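Order as written gives the chain letters A, B, C and D; numbering starts at 1 within each chain.
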Amino acid sequence: MQRSTLPNILLSIEPLDLAAVEQAVRSQSKGAHVFFSGTPRDKRDQEEVRALIFDAYEPMAMQELTKIQLRAIEVFGLDVIYIHHRLGKCFMQEHAVLVGVGAPHRRNAFEACMWIMDELKSTVPIWKKEVLTNGSFYVTAHP
Amino acid sequence: MQRSTLPNILLSIEPLDLAAVEQAVRSQSKGAHVFFSGTPRDKRDQEEVRALIFDAYEPMAMQELTKIQLRAIEVFGLDVIYIHHRLGKCFMQEHAVLVGVGAPHRRNAFEACMWIMDELKSTVPIWKKEVLTNGSFYVTAHP
Amino acid sequence: MEHSLNILAFGQASLFCGGSSFVINAALPITVDELRCLIHKKFPMMPTNYMVAIQLEYASNDQIIGDSNCEIAIIPPVSGG
Amino acid sequence: MEHSLNILAFGQASLFCGGSSFVINAALPITVDELRCLIHKKFPMMPTNYMVAIQLEYASNDQIIGDSNCEIAIIPPVSGG
């Protein structure tokens, strides 16, 4: 299988690119490919959300994401895995997070992708602020 | 939310387009988007597979896919759902099947996508022939 | 009175009946189960692990076929996806 | 002897300490639990539902901090994804 130059783990202030992830997964895996994209929800209670701002403790976030990557490959027998997370300002309809996995069978691909998102949301030091259209910020105390 | 002209249910002899599905899901749903792509495996026992050929009982397949679509929306509370299946000759690295769903929360999006694929594989009248590189065909008796 | 039932065949089934459809002669009404017996007599080599669809819907074995114009198909195990 | 520990603060925690880092003076070695008490004394309004990371790894409350040069961070509940 050809190697891709797309990084498997990425924290990026630029918009994330599902087509690139999909292309990279497809070139390295036959069988079942599952992709997850999280986009900002546009409401916080009654208030309209205009954008998200993501901050990270970058070196630790990279290390935690790498742990997730290695564990997912081992546990679910993945052929390939990409985990990309947006940093900085993320507008509506942009990807906040992208996960792409390839495995010989779909059950493993689905379960890996779910597990990756559960882990990411509980361990990776990234924080979200919601920018409301009234100009205020909302910071979740208990996500 | 803007409507998309992409059909929600599609049987197509043309290559399937994940980018189009992703774009359509994103324009109609905020929150969690899950995409599944099945590509042909390249081995049948020791023999190399060159392509797949899909035949369908088309009017019944469309009807069964529509049942899956409506049930998935109802059970999993989806915002949007696309199920596209390739017909005719499908080469390696082309999508045999594409599913895209959008839901407010990721658990529902993942579970819907898994359920859709399970249903599709057990009820939709589509049949696969594997074209081996030695020129012979392989037809699964018990998939 | 005998009727001619046109039966559509797909997937593996079409390999055993030599094409995409065939005709079964039967006195209507008959059940799906009875139709299966007639098909088995005509094509004894055809595996019997198929479903029958009537008017694009999966039919149970005790469902009755009363109309020779309804669309009948035999659906061997599917393998899409 | 007192050492100055530089503590990185992220997310909600940074709203309570007025920036992305602050200094705690402590006689080393101390445990993570003892560090938490010192942080609570300095910033009583800061919620205590954070984790402590030492050298980029989550630390348990009984882990010992013996080196004032190690990188220490307080990690409030994360909200990525």
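We adopt the following convention: a residue touches a chain if its C-beta (ideal position, glycine included) is under 8 Å from a C-beta of that chain, and two chains touch if they have at least 3 such contacts.
The model shown is predicted, which means the values in this text are computed figures rather than measured ones.
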Touch-network distance, chain B to chain D, counted in steps: 2
Partner chains that chain A and chain C have in common: B
Most distant chain from chain A by Cα centroid: C
Interchain centroid distance [CA atoms averaged], chain C/chain D, Å: 73
For chain B paired with chain C, centre-to-centre distance based on mean C-alpha positions, whole Å: 27
Separation of mean Cα positions, chain B and chain A [Å, integer]: 23
Numbers and ranges of chain A residues touching at least 2 other chains: 38, 117
Touch relationships between chains, expressed as pairs: A-B, A-D, B-C
Of all residues in chain D, those that touch chain A in their complex: 8, 10-12, 15, 47, 49, 53, 56-58, 73, 75-81
Touch list for chain A against partner chain D, complex: 38, 54-57, 59-61, 63, 85, 96-97, 117, 120-128, 139-143
Chain B partner contacts - residues on chain A that touch it in the complex: 18-19, 22, 26-27, 29-42, 92-93, 104, 106-107, 109-110, 113-114, 117
